[in-house]
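Structures follow.
Same chain, two partners: chain A is paired with chain B first, then with chain C.
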Partner chain A sequence: MRKTLTTPSGLTGAVLLALLLFLAVFGPLLTPFDFNDQNLDRQFLAPLSRFQDGALHLLGTDNLGRDVFTRLVVGARISFLVGVVAVGLAFVVGVPLGAVAGYFGKRVDSFIMRGMDVLLAFPSILLAIAVVAIFGANLRNAMIAVGVVTIPVFCRITRASVLTVREREYVTAARAQGASHGRLLFLYILPNCLEPLLVQASLSMGTSVLDAAGLSFLGLGAKPPTPEWGTMLGDAFLYYQRAPWCVAAPGAMIFLMVLAFNLFGDSLQDAFDPRSGK
Partner chain B sequence: MLLQVDDLRVRYDGADEETLKGVSLQIKAGERLALVGESGSGKSTLARALLGLCPVVGGEVRFQGELLLSAKQPLRNQGYRRAVQMIFQDPYNSLHPRLSVEKNLLEPLKIHQLYQGEKSVEKARALLARVGLDPEAGSRYPHEFSGGQLQRIGIARALLTEPQILLADEPVSALDVSVQAQVLNLLAELSSERRLALLFISHDLAVVRQLCGRVAVMYRGRLVESGAVDDVCFEPAHPYTETLVEATLGHPLKKVARKESAGQGCPFVPRCRKREERCWQELPPLLENTAGRVCACHFPIGTSDRQNV
Partner chain C sequence: MNGAQLLRYAGRRLLGLIPVLLGILLLVFLMVRAIPGSPARNILGQRATPQEIARVEAQLGLDQPVLIQFFRFCSRAVRGDLGKSLRHNVPVTEELKRVVPATIELTVSAFLIAFPAGVLLGGWAALRKGSAADLLTTSASLAGISVPIFWLGLLLILIFSVGLEWLPFGGRTDLLIPPVTRFMLIDSLLGGPPGAFWESVKHLILPALTLSTVPLAIIARMSRSCALSVLDMDFVRTARAKGLPESTVLWRHVLPNAILPVITVAGLQFGYLLGGAVLTEHVFSWPGLGSLLLRAIGERDYPMIQSAVLVAAVSFSLVNLVVDLLYAKLDPRVSLEENR
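And now, the complex of A and B:
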C-alpha cells in the first residue's frame, strides 16, 4: 500500500479518489441547493454566475434551473454505489466459482469455465442491455447487469491464481496431513490469491462506473431526475450548444473517476509485482 | 517391518508411461534408508505416493502390516498420515506465508484434531528449541527466517505429530553447504533419539554416506540396486550406480557412446559401458546377488572388471 502511494501515478489516483470520496460524502453540505430544486427563472445560467439573490452557481444550471454542481456531487454517491455494488456482486459470485473451478479441475472446471466463456462471448454492454431488457430499466438492474458482465473477469483471475497457489509446497504439506478441501481452499489457497483480485477490483470499479453511466445515458439505467452522471449527460445532450457545461461537467466527472480507479489499480499491480523491485 | 512397499506403480493423468514402474522397498523402525538417483528417476514421486499425493495405479503400501494404499484403495488412514511426515525440498515455500511460525507448526495438530490449546503451544515451543531455534520465534512470520532456519522449522512441524517415519525430499539441496551439515546432523540426532525411520532422498552420495545405513538406487522409475551404503558406494554392481558414484566421488570413467534404445530391454542400455546384445532385448530383473544386496543387471560389475574404485 505504501509502495502504491510513492509512485506518481498511484499518488494521483489515490488523491483523486480521496477527493471524489470527499465530494460524495460531504458535497451536499457545501451547496445551498437541493439537487432537485427546479427554478425556471434560473435556466441555463453559465458556470460561476450569480443569481439575483446572490447565490453562486459554481458550475451553472441546466434546462430546469437545477444547480449542476449539486447534482454532480449527489451523482458521485450514486457512482460509488454503482461501482461497489457491481464489483461486489462480481466478486462474490466470480471468486467462489473460479476457486472451485481451479481447485477441483477436470469436469467441474470445464463446466464453470465454459459457462464463463458464454458470458464473455457477448460484448459486455450488449449483455448488460439484455439483462436490463429482461428485468426492466432502473438503477438497481443496471448495477446488477454491470456486475453480471464483470463476473467472468473475477472468475478467471481467481482460477488462474488458484492453479498456481495450489501447487506450492505448503499446500502439499497440508494436503499430505489430510486437510479437508474447505481448509485447503479457504485457509491455504484463497488468502494467497488476494493480490491480483484487489488490483482487478480497483480496475473493475472504473469500468463498472463507465458501463453504468453508459447504460443510463442510453436510458437503460437511472431515470431522470436521478442525478446519475450518465443520465445527466443524456439529458444535457439535447441542448449541448446552448449549455455545453451541462455536458462537459458530468463527462469530466466520469472521466476523472475512471481515471482515478485505473491509476490506482495499475500502481497497486506494480506494487504487488515483485519483479518491479521498487 | 514398519513400512512395506510392493511393486508400487504411479502414472500421472495424461502421461504416456508410468513414472514409477513397480518399486518395492522396506523400512524397519529407526532405519535410515537413502534413495538416490538423477532428476526424473522417480524419487520424489515415490515419497509423494507414500503420502497419497499421486495417482497409484498398481502395487500396495503396508504400514505395520496393514494394507493402507493400493490402486483400488486411496489413502484414508489419518493414523498413518500422522505417523509418516515429510520434510520438503524448498524451505522457502513449505510454510504458509500468512501464518505465524507457531500457527504453521500447530496446523498438523489441528488437522489431526490433536490440538490441545496451551499444551500444544508448549510442545511447539519445546520442538523449536530442540531444532535449535529461539522458542520465541513462533510469533514471527516465515519470511523473517533464513533457509536453514526455515528447514529447521519444517523439521519441527514434521515432529509435532510424533511420527515414526520421516520422508525427507532433498532437504538440504536448497541450503548453503555450511548449513547443510548442521541440518543433516540434526536429522541424524533426531532419528537416533526418537527411533525415527528416515527415507532420505538425495542425488548426492557423499551426503547419503554420512547419514544412512542403506541405500537404494533408482533409475527411470525403477529400483536398479540397493544394499549397505558402503558396499554400494565402494563396490557398485550396477553400471548406473557406478556412473553415479563417479559423478559424486570424482573418479573419471571411460566415456560411452550413446545409442538409441528400442524401448524394450534395460532402460540404462544407451549409456551403459557393459551393454551386450541381450541388454537391448530383455529387461533385467531385480535379483539378490549377494547377501542383502540386490541389483537389476544382466552383467553386474564383478570384482574383476571394476574400474578405478
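And now, the complex of A and C:
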C-alpha cells in the first residue's frame, strides 16, 4: 500500500478519493442548503451567483432552484454506497464461486465457468438494463444489477489465482496433515489470492459507479429527487441549453470518482506486480 | 496454418459456442419468468380482467409447462421467430430489422475510429517511453476509460452543436432518404438527394466519436504495453543491429508481434460498443437497438426486451468467435497448442 502511495498516479488517486470521501462525509455541513430545498425564485442561477438574501450558490441552481453543490455532495454518498454494495455483492458471490471452481476443478469447474461464460456473453450494461427492466427501476435494483454483471470478473480472477496457489508446497503439507477442503480453501489458499482481488475491487468500484450512473441517467436507477449524479445528469439533459452547469457538474463528479478509483487500482496493480508496470 | 487446420479449429470453437448460446437462450427465457408477480398483470396493469390476462399469458406462452415453453422458445428463436410486440402487434423481427442497421452503422463507425487511432496512439507513446508525449497519452487514455460517455456526448453537443453550430445533434439525417438497406450512409448514396451522404456523415460524427472514446483509450493502453514488451525483445535488437531502417523494424517486426493481444482486446470492445450504444443512442436520439430497448422497457414490452438483449448477446458471442479465428489465423501457436 505504501508503495502505491509513492507513485504520482497512486498518490493522485488516493488524494482524489480522500477529497471525495471528505465531501461525502462532511459536505452537507459545508452548505447552508438542504439538497431538496426547492425555490422557483432561485431557478437557474449561474455558478458563483448570490441570491437576494446573500446566499452563495457555488455551482448554481437547477430547474427547481435547488443548490447544485449541495446535491452533488449528497450524491457523493450515494455513489460511494453504489460502489461498495455492487462490488461487495460481486465479491461475496464471485470469490467463493471462483474458489470452488479452481479448487475442485473438473465438472464443478466446467459447470461454474460455463455459467460465467454465459454472463460474460452479455454486454455488461445491457445485462444490467435487462435485470432492472425485470425487477423494477430503482436504486436498489440498479446496485444489484451492477453487482451481478461484475460477478464473473471476480469469479475468473479468483479461479486463476486458486489454480496457482493450490499447487504450492505449503498447501500440499496442510493437506497431508489432514486439513479439510474448507480449511484448505478458506484458511490456506484464499488469503494468498487477495492481491489481484484488491486491484480488481478498486477498478470495479469505478466501473460500478459509472454503470449505475448510466442506469440512472437512462431513468433505470435512482429516481428524482434523489441527488444521484446520473439522475441529476438525466434531469439536466432536459434543459441542458438553458443551464449547462447542471450538465457539467454531476458529469465531472462521476468522471473524477471513476478516475480516482482507476488511478488507485492501476498503481495498486503496479505495486503488486512490477512486471505489469508500463 | 493451412485451411483444413483452421476449419477444424473453427469447428471446435463453434461446438464450444453451443452451450454458451443455450445458456444465453435460457437466461433470456427466464427473464420474463423472473418478473415478480404475474407478468401479464404487470404488463396490463391492476385493472386487467382475467380474460385479458389469459390472452397475454397465452401470447407469452406462459400457459404451458415451463420445459415446453423453453423448447418452443428455443426452436422459434433458432428459426428467427422472436414473437410479436405486445404493444405494437408487429413481429419483433420486423422492428429489429428496422433498427439494427442504425446500431451497426454507429458501432462499426466507432470501432473504425477507435482501433486505428488506439493502435497508432499506443505505438507512438511506446516509442517515446518516458517522454512528455508518453505521459500525455497515458493520462489521456486513463481519462478516456474513466469518462461517462453520456456526459461526454452532452458536452460535445453543447460545444459543437449548440455553441459552434458545426454539427447536428440528433437523429441520423434531416433529409428524406428512401430506405433501401437501412444503412443511412449507403442509402444516402443510393437514392438520397445531393449532399445527403455528407449530411448523414455529419449526423454520425458526434455519436461515433462519443462511443469510440472508451474503446480507443483501452486499445491505446493495450497497444502501448504490447509494443513496449515487443520492443524489448531480442529479435528487435537483432533487426536493428542488422542495420534495418527503423520503419522496417516497426512495421515488419514490432507491429505483427504486438498487434495480436490488441486484436483480442479490440474484439472484446465490441461488447462495450453494443452496451455503450444504448447510452449514446439515448443522448443523440439515434433510432437504433438501444433506443428500441429503452422504449420497450418503458412500455413493458417483454418480447421486445428479450429479443433486443438476445440479439446483442448472440452478436457479441459471434464477434468473439470471429476474433478467435482471426487470432488463430494470425498466430499459428494458438491452434497448435490446442492440437497437442
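Here, the second predicted complex is superposed on the first by the 273 of 278 C-alpha atoms of A that agree within 3 Å, B and C clash if a C-alpha of one lies under 4 Å from a C-alpha of the other, contacts with A are read in each partner's own complex, and residues count from 1 in each chain.
The working rule: a contact is a pair of C-beta atoms (placed from the backbone, for glycine too) under 8 Å apart; a residue touches a chain by one contact, two chains touch by 3 or more.
Here the structure is a predicted model, which means the values were calculated and not measured.
Undergrad: Between chain B and chain C, whom does A:R175 touch in the aligned arrangement: first, second, both, or neither?
TA: After superposition on chain A, A:R175 lies in contact with chain B alone.
Undergrad: For A:R77, select first, second, both or neither according to whether it touches chain B, chain C, the two together, or no partner.
TA: neither
Undergrad: Just checking: does A:G214 make contact with chain B only, chain C only, both, or neither of them? Give me first, second, both or neither.
TA: second
Undergrad: Looking at A:Y240 after the superposition, I want to know if it touches chain B, chain C, both of them or none. Which is it: first, second, both, neither?
TA: Once the two structures are laid over each other on A, A:Y240 reaches chain C alone.
Undergrad: Once the two complexes are aligned on chain A, which partner has more residues of chain A within touching range, chain B or chain C?
TA: For chain A, the partner with the higher number of touched residues is C.
Undergrad: With both complexes superposed on chain A, which partner does A:I134 reach: first (chain B), second (chain C), both or neither?
TA: In the superposed model, A:I134 contacts chain C only, not chain B.
Undergrad: For A:I125 in the superposed arrangement: first (chain B), second (chain C), both or neither?
TA: Touch status of A:I125: second partner only.
Undergrad: Please indicate which partner A:D266 is in contact with in the superposed arrangement: first for chain B, second for chain C, both, or neither.
TA: Second partner only.
Undergrad: For the complex, give me every residue of chain C touching chain A.
TA: Listed in rising order, the residues of chain C that touch chain A are 19-20, 23-24, 26-27, 31-32, 34-36, 138, 142-143, 145-148, 150-152, 154-155, 157-158, 162, 221, 224-225, 228, 271-272, 274-276, 278-279, 282-283, 293-294, 297, 305, 309, 312-313, 316-317.
Undergrad: Spell out the residues on chain B that touch chain A in their complex, using ranges where they run on.
TA: So the residues of chain B touching chain A come out as 48, 51-53, 78, 81, 86, 88-90, 93-98, 104, 107-108, 111-112, 157.
Undergrad: With touch defined as at the start, can you tell me which chain A residues reach chain C in the complex?
TA: Touch residues, chain A against chain C: 9, 114-115, 117-119, 121-127, 129-130, 133-137, 206, 210, 213-214, 217-218, 220, 230, 233, 237, 240-241, 244, 247-248, 250-252, 254-255, 258-259, 262-263, 266, 278.
Undergrad: Write out the stretch or stretches of chain A touching chain B in their complex.
TA: Checking each residue of chain A against chain B gives 168-170, 172-179, 183, 187-188, 191-192.
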